[in-house]
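Consider the two complexes below, in which subunit A is the common component and subunit B and subunit C are the respective partners.
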Partner chain A sequence: MQQSKRWAWLKSWEALMFIILCAVVVANLRLSEHYLDLNNLANIFHLSIEKSLVVLIMAFVIINGEIDLSVASVMGLSATVLAERYDAGWPIAAGFALALCVGILCGLLNGLFSAYMGIPSLIVTLAGLIGYRGVARILLEDRSVGDFPSWFTSLGQDGIIGPFPLTIFVFIALFILGFVILQYSVFGRYVYAIGNNRAAAEYAGINAKQVKVTIFMASGLIAALAGAFYAARLGNVRANAAEGFELDIITIVLLGGVSIFGGTGTMIGVGLSLLVVLNLRNGMSLSNVDGNTQTSVIGLLLILSVLVPNLIQLLQRLLPRLFSVIAGFMNKGGATKPKSQVSVHQ
Partner chain B sequence: MRKLQLLLVALVLLTLTAGLVRAQDPEPIKAEPGVELNMVLLPKTLGNAVFDEAHEGAIEAHEELENPGELIFNAPTPDNAIPGQIEIIEASITQEVDAIMISANDYEQLVPSTTKAMEQDITIVTWDSPVSPEGEELFIAQVDFTETGTVMADMALSILGEDGGQFAILSATPDASNQNAWIEAMQAALEADEKYANLELVDIVYGNDDPDDSYNEALGLVDSYPDLELIMAPTTVGIAAAAKAMQDEELCGEVAVSGLGLPSEMQEFIENGCAQEFALWSFKDLGYLTYYVSYLLASGAMEAEEGVVFEAGRMGTYTIEADPNREDGLRVLMGPFSVYNADNLEEWAAGGDEEGEPEVEATEEAN
Partner chain C sequence: MRRIRRWVPLQRLREFSLVIILIIVVLIFGNQIDNYYTPRTFNRISSTVALITLVAVGQTMVVLTRNVDLSVGSVVGFTAYFVGRYVSKNEDMAPLMLAALAMGIGAGMGLINGLLVAYGRIPAIVVTLGTMAIYRGLLVEYSDSKSVATRELPDWIKELPQESLFHYGEYELRALPAIALAAVIIIFFLLLYSSFGRRLYAIGSSPEAANLAGIRAPRMVTLAFTMCGAMAGLGGMLYLARFGTITVDAARGMELQVVAAVVVGGVNILGGSGTVLGAMLGAILIGTIEQSLIRMNINEFWKDALLGLCIIIAVTVDRILINQLTPWWSRTELQRMPEEPHAAV
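Presenting the complex of A and B:
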């Protein structure tokens, strides 16, 4: 009993991710001499920092039992609003503030339609994915807007401590904040409770609608922030900014052990899965693996990480029976009957 | 003593005249084979036949120059075009390669990364599609952009005839900088000359360089404009999809298809009359020339400066010149166009892929 309890964590998703992460890191160390270069370590995070930020809030959304497909379009819209206003003569800080407000507004709309009007968030945010991108295209058409002031682009491009830019520290701060809220606050417990069973949570007096709208608004805000960071990193904005990012973001969250049906998953799991995906991509890039193969490998990883635990469970159930059958065969020749059923279940 | 003086004078004179001759007729810079350089060929996306041809050309030059280093060919997937190119550039910087040859998915957004690469002494040469001049050393232009417009206008004229008729353009994406520049150049060419007066451009649609989208857009054009006589597609994906659409709808001959196409993909459509005429430059040559220029720059044999003359193997001598389309930009102009149709079908189809494209009806090089 003692023994099995002590090793129980090994069966957890986090442990699985941790083992995969170790394997990826070892492989990268062997494949590339440049993996540990400080610049490369910064690049691992820097080149995907916008997606990483949105992954944090997407974990909340999915654990809460919802989905937000509109995040990449909100990122694009935020970058576009910022650029369009800058082009119209506003100071960049004002455009930045407006972009964040637009993000919150997008989230509010998503939340109102799904939580209060009862339309599934899959549909509401799919409409958002199309609609918000459409607004971005109306604003910028085919134009590209750039020439931002250097203090703004350096936010996204230049290191503030060594080669690590500010955006990475913003991510770390938000990760800690997200971890504390989700795992240790009352709000975090509400998120899980609603994701597990919304009706039961409401009977228990939790205002599910309010929680959901809050999360969707936070999702819009973080996506808008990420969109502004994207503009700063690339130094230039087109209406198609961040297009297609939502699938990568959702993949990382699911790989982190968050159930698509809500209610389960942890911030640590999501953080580990993020590290796995970023390091895997970086290692493949350094080995000049082409984009198609990279995408396939990530897809395979997602499938395997869902399959393997299920397979292990299945084997755990089947193996004892299999053993007893084999034992039965072995003993058929002899006179003695099998003394007892093999009992493995504890 | 006198003899010695004479000899000295003669020697001085000789070196002086030699110097003079040099200055008048600069010897083209030649590449010294065998320098070890790791080079990355980074096209826009994977899975586009023209970029594989460019790769072939680069491999040819790589072997010819006996570079013991690596020639890495890598590109992003179409759905991750710009961030993917940035990732590959950053990974190349980390790997401390010597040169990156880029066909850019965006004119501005790659610049922070390419500038960073140049700060680390990595040679950045663009080809097919450039970036803003501050982010590159020079651009290998396949053909002059204004010439593309004239070539397309002339093909439209030769298909529709003096009496003219309606035609539509099927382009790549709305923000594809090459296609937009060519379409603009074509519109300018149409307005500039009376002989094009009867050619009526009714619509510009976008197939996103996706075979299915382009196919559907081509069918949409036929449905929307019953009098349409020609679809002009300045993209290799678009022209093949349009020809396929006409073939499937049995409209070959009723609606003509023309534009920029790849001979290997267009041969069957020229043969069965579903496409009439198309033009293109050789992507293999483009890859070859790009490699030569990058090798010369990265090995330090050449500087990227206006007026520098160099030799690019089998393709001959080229000059680095100011880019007339981009302020402060430098370019090497490859040119010219080859025009392909049923009349010269045997010449270009017989040779297969191995032979270089014949320069039949090649239009004169611009400027």
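Presenting the complex of A and C:
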């Protein structure tokens, strides 16, 4: 009994993620001497900064018991709106503002249909995934818009402190904001309460529908922001921008210990899993592993991260039984049926 | 009236309304497009829909048990490549053996999904999100990023899509739609009248009740995933026959189309209700809209936006209709069911 208490912290998801992170970092250090270069460290974050941003809000969505498959399409739509308006002669700032508004509108639609119409968010956002991308295709067709003013692209590409660009600092600020809101604010507690048991939360007087719509709108806003960053980083927008990002994003959140059924998971866990995935991908890129194989390694990690704790739990349940069978065998000199667990302890 | 209500379950009504929507859609397109009511249109739409229908049939079984299989696209891609590579080396392979091989590979992949979900107790969306990436990675590793080209294939498989089994005037029933139709009919009766099918519905409606009734849910769920994988495997062979050239990106994103077809077909994503007939109608509706839009010469770029709109309209209308009809249909002694808890599957 005492032993299980001493090692209890090891069972927490964050500890597991931290151990995996250490293993990945050590492996990367042995793999390449350039791993610790400042440029490489900046690159780790810089190359997937858009996904990292959306991961933060996706954690809210999934803890709340919903899912948002449409984020990548909203990212693409926002980048497309920005580019299309720039092409039509608007200043970048105005296009950027419009892109954010479009993102919020997409989130609002998702939220209204899932919270107020009672359609599962998986379906609503699946329609959104197809539909919002479709709007992006209507706007840009098969054109590619680039030639943004240099201040805009340098915002996404050039470092402002050392090699770290502005977007990384935006991410850090949003991470801290998300952490505080989720773990320490009333709203954050509402998010957990609704994700745990929506009916109970509503009986406790929480306006679940309003909270859900708010979260979906925030998800649209952050996705739109990430889309604009994507345009700034690549300096060139096509209608298929950010296609397929939603799966990576959801994988990172689930790997962070957030239950797909909602109600559990922490921002720290999600942050650690983000570091694990980014470092793992970086390490594999340094050793020339193909992109698809990288994704499948992360898929394997996702499955194992849930499977292994489940198996350990199963073993913990089975081992005392096994011992009691052996003990019974030695005491009475014959095999007896194992008694129930409770009676063994008494 | 009471007689009708007793003998026609609500689910049939749902499918009936889908048929009506389909007819309306066809009438609208027929009005807009010259020469719409021709055998060519029919043949084209039916060959397009066959593939999605076949995979959607398997997906329906998984969704009925309150799970979802997102790995079908990767399974279709992998089997298409594997079978294509295999048949290009063994040209004298019998067609049925090849189909069995494809289904076997698919079933193996489905079995892995099922075991992880049912016995590893991992949520289906997590498992299949992972295996979607893993199976795609397997394809990349196995193929070494090379493609199967049409010219490497034996003639019979290249001619399979044009093969016509039965024709009425110029309206043909080609091989691909025939296979899909056969699968729909078999699985339809299997789900409605076999104890296996009823158990799937029971598990999806209420896992606790099913458990108390003595149903071994893990075994059934594993079986459902395995059959879904087998269907996707067969779909892989048809994919090979239809497209000929298989790259590592084959059937990427197909899982979304399949889930969309299942959902539009009125299969409840929270499990327990829906039929493969509905899934087929969903696939036909989506396929008809897609193909007709291409014919209409309005910009092809409108396709996705309209498809998304269609899905949300279909689901919303279905939701409202069923909500309104359920209390009336099941007469007064059954009160309206309380809303189901919201879970992201």
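Descriptive notes on the structure:
Please note the rule applied: the second predicted complex is superposed on the first by the 319 of 346 C-alpha atoms of A that agree within 3 Å, B and C clash if a C-alpha of one lies under 4 Å from a C-alpha of the other, contacts with A are read in each partner's own complex, and residues count from 1 in each chain.
In this text, a residue touches a chain if its C-beta (ideal position, glycine included) is under 8 Å from a C-beta of that chain, and two chains touch if they have at least 3 such contacts.
Not measured: the values here are computed from a predicted model.
Once subunit A is used to superpose the two complexes, subunit B occupies space that clashes with subunit C. Contact with subunit B, but none with subunit C, is seen for A:R233 once the two complexes are overlaid on the shared chain. By the touch criterion stated above, A:L300 is placed in contact with subunit C alone, subunit B being left untouched. When the two complexes are overlaid on their common chain A, residue A:Q157 makes contact with subunit B while staying clear of subunit C.
Between subunit B and subunit C, C touches the greater number of residues of subunit A. Of the two partner chains placed around the shared chain by superposition, subunit C is the only one that A:I250 touches, whereas subunit B remains out of contact. Residue contacts after overlaying the shared chain place A:F179 against neither subunit B nor subunit C.
By the touch criterion stated above, A:S285 is placed in contact with subunit B alone, subunit C being left untouched. In the superposed pair of complexes, A:S121 makes contact with subunit C only, with no contact to subunit B. By the touch criterion defined above, A:N43 lies against subunit B but remains apart from subunit C after alignment on the C-alpha atoms of chain A. Looking at the shared chain after the overlay, A:R198 reaches subunit C, while subunit B stays out of its contact range.
After superposition on chain A, the subunit C segment that clashes with subunit B is 241-249; the remaining candidates among 97-105, 169-177, 241-249 or 277-285 show no clashing C-alpha atoms. Shared contact residues on subunit A (touching subunit B in one structure, subunit C in the other): 142, 244, 290, 292, 295.
If you check the complex, the residues on subunit C that touch subunit A are 68, 116, 120-123, 125-127, 129-141, 145, 248, 253, 256, 259-260, 263, 269-270, 299, 301-309, 311-312, 315-316, 319, 339, 341-345. Listed in rising order, the residues of subunit B touching subunit A in the complex are 46-47, 72, 74-77, 79-80, 82-84, 86-88, 90-91, 93-96, 106-109, 111-112, 174-175, 180. Contacts from subunit A toward subunit B in the complex involve residues 32, 34, 37, 39-40, 43, 47, 142, 144, 146, 153, 157, 233-236, 238, 240, 243-244, 281-282, 285-286, 288, 290-292, 295. Chain contact summary for the complex, subunit A toward subunit C: residues 62, 65-67, 113-114, 117-124, 126-135, 137-138, 141-142, 198-199, 239, 244, 247, 250-251, 254, 259-262, 290, 292-293, 295-300, 302-303, 306-307, 310-311.
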